[in-house]
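Shared between the two complexes below is chain A, which pairs with chain B and chain C, respectively.
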Partner chain A sequence: MARPDRRDPTQIRALHCVLGQLNRVDGSAQFSAGDTSVLCGVYGPVDVKLYDEKLDRAHIEVKFRPDIGVPTTKDKWVEDAVRSTFEREILGQLHPRTLVQINVQVCQGDGSVDAAAINATTLALIDAGIPLRAMVAAATCVVRSDHSIIVDPTQEEADSALSTHTFAFSNLQTNSPAYVDSRGEFSIDEYNACYDMCMAAVDRTLAFMRTAVEGKILKETQTAL
Partner chain B sequence: MADVKVVVPGDAIDTHTEEEESVLRLGPGLIQQAGKVNAIAAGVLHASSDTNHFWVVGNRRRYVPAEGEPVVGVVLGRHGEGYRVDIGSAHDALLPLLAFEGATRRNKPNLAVGATVYARVSVANEMMDPELECFNSHTGKSEGYGELTQGFTFKCSLGMARRLLNAKAPVLNALGDQVPFEAAVGVNGRVWINAGAPEKTILVVNAIKNSEYLDGKQSKQMVKELLGKQ
Partner chain C sequence: MASTEQLTFAIETFKRIHPVEFQRRFLSQDTRHDGRAFLQFRATHVVKGTIGTAQGSATVRIGNTTVVCGIKAEVSEPDVNTPDQGYLATNVDLSPICSANYRPGAPGDEAQIDSEHIFRLFGEVVDLKQLCIENDQAVWSLSADIVCLKSDGNVLDAAIIALMAAVEDLKLPQASLDPATGVVSADKAIETQLTLRKRLFPATFSLVDDAYLVADADDAEERLATATLLVVLDDQGRLANVWKRGAGTIDRPTIAHCIAEAKNRQNAVSSALE
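And now, the complex of A and B:
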């Protein structure tokens, strides 16, 4: 079954990102995959409310807003996804009793929005200089009605899928994913196939993110004395 | 640019040295985990081979206090034995009432709320609120620290502030040739400028802000154009 945009099953959409475009936050990044575009702004480490203060590490707070309408339960799920992923990656113990606030705004949604949110957040945290154990990138796979598997689905492809799987991996050499979310009816073989496909897609996304970050660093370096 | 090594979080750092058992010093942006050294920030990796010192230099906007650094702060209020000063860090800093040159219980400076101060960070660790002093506690001299009156304070990135602290900073030297002004640069990304008249102060501030992404030659050219437009 051919894909509407004629992509191969393992082909992700064209990636694009802009780092540091917001000037009132500590770090920002806009990450786009095809028509899906997500902007993330990060503050941290900043002062924290007494209620949320943690004595031995930073408090991580995530706010996720969809492109259209008010935030609903589905968006709270993405907040939880981003928060649980980055609570493990951000070295919060270096900044106890502070807050790291991650604000994610969907600019344009066309499938794989939660993966884009994780990718944008990694880049924004790097832009802000917040200490991270590793870079984390995510990708989504869906199992279609004919049980074929495709990576980086558009909204149209995701809506008609039997199951959706989002995986995030870090650039540390471990096999365990940083985030897993699977919905729908699927077999263990389908799950494993999605796992492998997402890992390959994440490798390409991590390479892209590295190039983007290196470009920014080199540009800053050449203006230094 | 062949010798510039850029690292991103998660990169393993090769810290192999000639001697088998030597002490390794890890600076900002690096962490030791399970016997390996990894980068935790994105930036250029620097290594000093004779002192086994490794660190990562990357630009940021949010200041994290470190002992000994000069900062520009704004007085928020007076609490007990000191002033609460905003230096842009996660927690406000404490500036003791007697941490000024020649201050005694009977003779101590009286800073108003909103006053700007140039101070040195005397205590900074992740567990405590930072503390400042407006003099060198070893010599007892102010050494340029203290209240900054008049003038104008603006914010810039931390990397920009460090470049400005270099005596050879192109934009400051190009401006200084034509316009007399005083500057106090805080590594917390705050810069105080006083050039007498407001127009001159604004001109100096704009020139410095413009120079963030310009190299030395471009900065000189930009200053020339800005001064020419007056």
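And now, the complex of A and C:
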């Protein structure tokens, strides 16, 4: 079954990112995969409310806003996805009793938005200079009605899928996913196949992120000279 | 006598002031503080029809965790885009009555996330077309309130089982729309039950202290969990959900092992739901 945009089953959309375009936050990144575009702005370490203050580490807060409409429980769910993924990746122990606030805004949604949010957050955290244990990237796979598996689905492909699988991996530990969300009707073999496909897509996304960050640092050092 | 009393007092104090160390003492010896094996779930009891005034209800107990689910049915107009479908709204209520962890007022993050997750799961279970009374004019709108009465860990599993039982218990009166008056009348003498697409069986595993994987963590263990894995199976041998949160290490073979354990748990939950 051919895909509407003629991609291979294992082919992700063209990735694009812009780092540091917002000048009020400590760090920002806009991550795009095809028509899905997510902007992330990060403050940290900043002042924390007394209620949230943690004695031995930074408090991580995530705010996720959809492209259309007011935030609902659906968006609260994505906030939890991002927060639980980064809670340990951010070296919060270096900044106790502070707050790291991650603000994610969906600019354009065309499938795989959760994965794009995680990717944008990693880049924004790097742009802000917040110490990280590892870089985390995510990818989404869906199992279509004919039981074929495709990676990085568009909204249209995701709506008609039998099951959706989002995996996030760090660049240090690939035997243990940082985040897993598999929903729908699927077998364990399909789960494993999606796991492998997402891992390959995440590898490519991490390589892309690395190139983007290296490019930014190169530009900064060159202008400094 | 005096020395035994002192020992009991010391254990309770130790549990309070060094919760991590307390748990480690047991976990490092391959056991848990309540005597369970690592992958042993607590005794689960389900009673259906506990709320007489609701159209469907159930009370679920997993160990000390107690959750009540009540489903109320109302008639309303369908959405313009889906004229033959009714509504199922799920709401998980975590209030101070169940645990000191929760503050009074608007639903907190955990309650909202649980509500959303259960809503997504049950989209596969209930066929909303069965809730249609008259196409484009009247449909049943089901409000499922899942209230936690006692929280001792693993509220999400209990909530899923409670809603599953309540939906199975649900009896809707025969409703018909009078085309002349536009009034929907319900005949309580004739009741229909929903035919569910599938049944769901949850199993939650927690990674305590970043090293020990335990099934059905209670409150003390849950507070120390660095990662949680929820596996939901359906009654046709397929998976409905694999949800891993938290960046603790739960590697691929462990996830496969948990899915196998979830199948054992399914038998226990299935017999409890009978």
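Convention: the second predicted complex is superposed on the first by the 222 of 225 C-alpha atoms of A that agree within 3 Å, B and C clash if a C-alpha of one lies under 4 Å from a C-alpha of the other, contacts with A are read in each partner's own complex, and residues count from 1 in each chain.
One rule holds for everything that comes next: a contact is a pair of C-beta atoms (placed from the backbone, for glycine too) under 8 Å apart; a residue touches a chain by one contact, two chains touch by 3 or more.
Remember, it's a predicted structure, so these values are computed and weren't measured experimentally.
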Now for A:145: first (chain B), second (chain C), both, or neither, which partner does it touch? neither
Give one of first, second, both or neither to describe whether A:219 is in contact with chain B, with chain C, with both, or with none. first
Partner chain in contact with A:88 - chain B first, chain C second, else both or neither: second
Could you tell me if A:180 is touching chain B, chain C, both of them or neither one (first, second, both, neither)? second
Touch count on chain A, higher of chain B and chain C: B
Thinking of the overlay built on chain A, is A:135 touched by chain B (first), by chain C (second), by both, or by neither? first
If you stack the two complexes on chain A, which partner ends up touching A:76: first (chain B), second (chain C), both, or neither? second
Jot down the residues of chain A that show up as touching in both complexes, chain B in one and chain C in the other. 170
Interfacial residue positions of chain A with respect to chain B in the complex: 26-27, 43-48, 91, 94-99, 126, 128-129, 131-135, 170-172, 209-210, 213-214, 216-225
Under the stated contact criterion, what part of chain B meets chain A in this complex? 1, 4, 6, 8-11, 29, 31, 38, 40-44, 58-62, 64, 90-91, 126-127, 159, 163, 166, 168-170, 212-216
Of all residues in chain A, which touch chain C in the complex? 73-74, 76-77, 79-81, 84-89, 170, 173, 175-188, 191, 195
Once bound in the complex, which stretches of chain C touch chain A? 109, 112-113, 115-117, 119-121, 124, 198, 226, 229, 234, 238-252, 255-256, 259
